[in-house]
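One structure below.
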Amino acid sequence: MSGLLEEGIGLMVLGMGFVFLFLIILIFVTGYMSRLLNHFFPEVQVATPVEPTARSVNQPSIDAQMVAVITAAVHQHRNNNTN
Amino acid sequence: MSGLLEEGIGLMVLGMGFVFLFLIILIFVTGYMSRLLNHFFPEVQVATPVEPTARSVNQPSIDAQMVAVITAAVHQHRNNNTN
Amino acid sequence: MSGLLEEGIGLMVLGMGFVFLFLIILIFVTGYMSRLLNHFFPEVQVATPVEPTARSVNQPSIDAQMVAVITAAVHQHRNNNTN
Amino acid sequence: MESKLLNLFHDTGFYQLELGQFVMICVGLLLVFLAIKKGFEPLLLLPIGIGAVLVNIPGAGFMAAPVYDAAGHMVSPGGLQYYIYHGGIETGLFPLIIFMGVGAMTDFGPMLANPKTLLLGAAAQFGIFATVIGAVLLGASGIMDFTLADAAAIGIIGGADGPTAIFVASRLAPDLLGAIAVAAYSYMALVPLIQPPIMRALTTPAERSIKMVQLREVSKREKIIFPVVVTVLVAMFLPSAAPLLGMFCFGNLMRECGVVNRLSDTAQNALINVVTIFLGLGVGSKLSSEDFLNLETLGILALGLVAFSIGTAAGILMAKLMNKMSVHPINPLIGAAGVSAVPMAARVANKVGLEANKQNFLLMHAMGPNVAGVIGSAVAAGVMLSYVAG
Amino acid sequence: MESKLLNLFHDTGFYQLELGQFVMICVGLLLVFLAIKKGFEPLLLLPIGIGAVLVNIPGAGFMAAPVYDAAGHMVSPGGLQYYIYHGGIETGLFPLIIFMGVGAMTDFGPMLANPKTLLLGAAAQFGIFATVIGAVLLGASGIMDFTLADAAAIGIIGGADGPTAIFVASRLAPDLLGAIAVAAYSYMALVPLIQPPIMRALTTPAERSIKMVQLREVSKREKIIFPVVVTVLVAMFLPSAAPLLGMFCFGNLMRECGVVNRLSDTAQNALINVVTIFLGLGVGSKLSSEDFLNLETLGILALGLVAFSIGTAAGILMAKLMNKMSVHPINPLIGAAGVSAVPMAARVANKVGLEANKQNFLLMHAMGPNVAGVIGSAVAAGVMLSYVAG
Amino acid sequence: MESKLLNLFHDTGFYQLELGQFVMICVGLLLVFLAIKKGFEPLLLLPIGIGAVLVNIPGAGFMAAPVYDAAGHMVSPGGLQYYIYHGGIETGLFPLIIFMGVGAMTDFGPMLANPKTLLLGAAAQFGIFATVIGAVLLGASGIMDFTLADAAAIGIIGGADGPTAIFVASRLAPDLLGAIAVAAYSYMALVPLIQPPIMRALTTPAERSIKMVQLREVSKREKIIFPVVVTVLVAMFLPSAAPLLGMFCFGNLMRECGVVNRLSDTAQNALINVVTIFLGLGVGSKLSSEDFLNLETLGILALGLVAFSIGTAAGILMAKLMNKMSVHPINPLIGAAGVSAVPMAARVANKVGLEANKQNFLLMHAMGPNVAGVIGSAVAAGVMLSYVAG
């Protein structure tokens, strides 16, 4: 019985330790990577998109594409009308 | 030989009996379900679509979506022009 | 050792021979097929599309569809405005 | 090297081709021709036809079984159709996945608006069981070598429902699967030719002109709960039909519930298309000369036609009976749609109705018995699986 | 024929249904109801619920194993869920493919803009390990029959990540897989109810109103190299997490690299949808009455809730600590998003933040810890797999 | 617990990583870099590269075989790449499905308008067989350990066709599959660098400026019947090429027949994308250090380059010969497109032609030999499979 509990505590200590260790290493490596990249390729910047990460709606890319095409079409049309 | 025929007739009687039994039960249960639902949720009514059931065209949903977006875009555009 | 080389040469001779044999037969059969078809069904002619064979872009059909719908929408809209 | 050249020649089709294989390649090409030129259920008959051509190429090994050594390492890989047939058809996976997709494409609205049309979907299944008797007679009289299981599998052609026929045949009579599937899809494609004469023979112009009252609107809620109700009823009354109807209702629930549209779209498109390609190639693999070129195939083709005709007639007669007993008039033509063959049979009913009365649009009224026929033949399939195994 | 009729009756659900099966069918229908009516993670809970209904239909054989004769020919085919479970879940293929698709849907931009939020994703995994202790105590005290492997699999519910939970459970405690998956997805759906009270209890209104500095822009190049870096780090530090994180990073690389958009689109749509349908049916197959209707399930449901709560609290407390030590202010609410449950937990953080300060949009700030939580729980899963097996 | 910590440390990549694995992870990352940064056939080389990284992570078990107990229950599940490789590549399923998709993407119109270009697709296969001789010489001289089967599999790199190369290698030389696939796809990506110097060396500016007469229009009917004709010819003359060409023609028939557009769309998109992802990961699994890090790999890379060069030269020389003997002028550059590498080689021919004459658009003329090259190398593959096995 106490063996099981001991093992559980061991798993907790090792597990949390490892999770923190790994993510802290990742913080440093990621930060270093970003600094390196932004030093050597300073111009290549894109805006962080504002939408949430995991899209649950269906194929938003099609929507986006559609909206873009629509916008272009309507824009062109408006220009045509102005002339 | 007659054993096979007998079995076949047995299958026919049982089979047609069971098919009718099941579908008649389904008629009553379905009818009861509909009455119950339309009694407790009388407002939620949608029109039965007129198109045939099994759609053989590809992704009609995209078309519908597209038409909706177009309609909205053109509508908005028209409003803009009016102002 | 010389056995392996011999086998390799055999494969080359047979292989090239067979490739040429097959494709030459195909030339004749294809030519014959085309002549036959164009003799019996002379009217059914479609233009060879100009785009390269293997499409690497994603789902161009959707784009085409979209453009078609847009064109129609804008066209209709323009007509509406004219009236 | 001369021996290698000889080997290569011995490998050619010219040297190896047997007459039966040649005939079956021609049969495969005929199916391809019918699919493309005549529009016979091309989604299935084109892959089946090509599958039949490929499996009959001598030495191509499309149905070769893989060979493993004692340690379990592969010595020679199997053929494409071997993996497809044993992985997807023998196991029943492909017909069930297709049935799920068909469920996701099916709108039960017209049936829910008029549940009595379920009776028409029941009556039309008489074609199935009458054909069983026909096959049993052929078997019992010694003309053909049909067992009860074979007879049941042949009868299901009358269900006019491809995945159901393939599912039942793969379980009861795998050797006849090729002929049964070809018969089922061919006659489904021929519904516009088979049904109208029977419809005209059994009805008067006045009956064909009957206008039906407009269908009530069906609420979203009814459509959502209906597949659940069917699943529960199947669980209670006929578990042997649960694989077919459970997956069908699952697909329909995904369609109607409105919260898993991306799953429903995939079930109706990418997934069903992929499985259709492989199902066709797998069914085609059963069109080998030894399985197909025999008297039994002729019997199956003949019995299938009988099944369709009797089913059509039974549906129409039941509709005439219902018309006499019902308050609201019922056009007997919609009874013919009870065989399923969705949506072809409903369109035929509509067309024949329009001939009699140019203002009489029966399409939506015929969709009720049409989808009821799908349920009916799945129930019949369940009874058969239970009866033959029990 | 009377015997056949009797057989048919003996085959019905009425005759065969056991109480446990009836209860589990009701549980399945409850999951379907929650999915449709309450919007509880419907993409998974709807298929799981239907899977639970189907597997508990007596005599339907959805989990029947195939039977082969001595020569290797199939005597009777297996059930649909048998093939799905053993082919896709027992092997781990389905969760890994889904994780690849999730990777292809994930934008690491907000996390790369503020890598320190990885700490929040680490802290929130405390819920996992605290729950392990809880499960171990229940097991050690003899109240429930939990081994260390069971405890680890239960703890992973606190990771708030479906595919990770299913992957770990399929490897460490297949018998508990059904309960663990249902708990994981249910609590992920309940995040908007579980988290806010804890968030309000552990923070002051002033803390909840803290505005954070706007995130810097992240270059395309950083986003491309990040998944490669994570893969290499995993290879170096924790190979047992490589299946999960390797596939996740592969999906993310396909998304970001910009040269394989057609693969990325398929991974995010057709492929993940197909696998989700089958994963749900396969997980549902573990909701049989013998596996689910016991005290352990109650323990798992209770422990899962504890895991979510402790994880939320640990994330918030870590965020408060970081806020004290950081130059730039950190709103403690975003710590709660560290449990993952992407993107629900980030939206909850945003919503609770808006309640305190109507101009305070925390969504993008919360997406950092949110996706960090996915990495964190995959790392925790790797440690568990290595520790329990080692 | 110290022992557990030690276990965990022993599980890390740091402790376990062997030099060979480290080198192969770097090779995998190099492929990823080439795919993303240089645009080298990214659809394949990205998954192959990631597959190579994953399979070389020590202890991650991506190629671990599943373990079953005596009763057939799974004791430990296999790795993802184990299932992919043995399920899809060893069996030949994935290359055949991809070939079907490629068929559905291929337009034979330009070839049908000028069938003589089939000769160019034949001549360019000389690269394949010349390379076989090269490999056989290396093997016979004892420099490298190549059998006839190995030599044939290496030669097929000169076919410039990925699925064909993978299919042949998986059957004749599975150990060399990784190197052969990497060589084939790399050189296909390098066609714009490899071919132009050879094209310029073997032609005069006047020859490169030759304008060809415009292609006639090809009827839909011809396009539909052509794949059927090829299938029948293959059945008659070379059944061993039937798996490849049969599936290719099936895909093409689905494309052209116009009645199964939904199947054709799926074959070209969702299905081929899914299989491409898995094919890449499976091929990557053969980039383990023991299979890849040896002298043979260098030989394969060198021989592959030779194969491409000789194939290009043979195509050009044949075109020059045809130009002399033909009524209508033939630009020798289109001969280089006979190696296949669709559509890259045709684009290169077009580009080099434009350099010589700014009004000379060779693209459509080069598409004929380009797709003929696909048929040619599949025929060559069939001969090899038949010859080596016979």
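As written, the chain order gives the labels A, B, C, D, E and F, with residue 1 at the start of each chain.
The working rule: a residue touches a chain if its C-beta (ideal position, glycine included) is under 8 Å from a C-beta of that chain, and two chains touch if they have at least 3 such contacts.
Every value quoted in this text rests on a predicted model; they were computed, and no experiment measured them.
Undergrad: If we define chain centres by averaging CA atoms, which chain lands farthest from chain D? Would you check?
TA: A
Undergrad: If you average the CA coordinates per chain, which chain's centre is most distant from that of chain B?
TA: Ranked by distance of C-alpha centres from chain B, the top chain is F.
Undergrad: I'd like the Å distance between the centres of chain A and chain B, where a centre is the mean of that chain's Cα atoms.
TA: So the centroids are 41 Å from each other.
Undergrad: Just how far, in Å, is the C-alpha centre of chain F from the one of chain A?
TA: For chain A versus chain F, the centre distance works out to 34 Å.
Undergrad: Using mean CA coordinates as chain centres, what's the chain A-chain E distance in Å?
TA: The answer is 19 Å.
Undergrad: Of all the residues in chain B, which ones touch at least 2 other chains?
TA: Counting only residues that touch two or more other chains, chain B contributes 10-11, 14, 18, 58, 62, 66, 70, 73-74, 77, 81.
Undergrad: Spell out, as numbers or ranges, the residues of chain E touching 2 or more other chains.
TA: Only 4, 8, 43, 237-238, 262, 265, 269-270, 383, 387 qualify.
Undergrad: Which residues of chain F touch chain C in the complex?
TA: Per the touch definition, chain F meets chain C at residues 102, 105-107, 109-110, 112-113, 115-116, 118-119, 121-122, 125-126, 128-130, 132-133, 135-137, 139-142, 147-148, 151-152, 215, 217-222, 225-226, 229-230, 233, 237-238, 265, 268-269, 342-343, 346-347, 363-364, 367, 370-372, 375-376, 379-380, 383-384, 387-388.
Undergrad: With touch defined as at the start, can you tell me which chain F residues reach chain E in the complex?
TA: Those residues of chain F that touch chain E are 4, 7-8, 11-14, 16-17, 25, 29, 32, 35-36, 39, 42-43, 46-47, 50, 53-54, 57-62, 66, 74, 77-80, 83, 269-270, 273-274, 276-277.
Undergrad: Using the touch definition from the top, list the residues of chain B that touch chain D in their complex.
TA: 1-2, 4-5, 7-12, 14-16, 18-27, 29-31, 33-34, 37-38, 41, 44-50, 52-55, 58-59, 61
Undergrad: Chain C touches which residues of chain D in the complex?
TA: 1, 4-5, 8
Undergrad: Going by the contact rule at the top, pick out the chain C residues touching chain D in the complex.
TA: Counting only chain C, the residues touching chain D are 6, 9-11, 13-14, 18.
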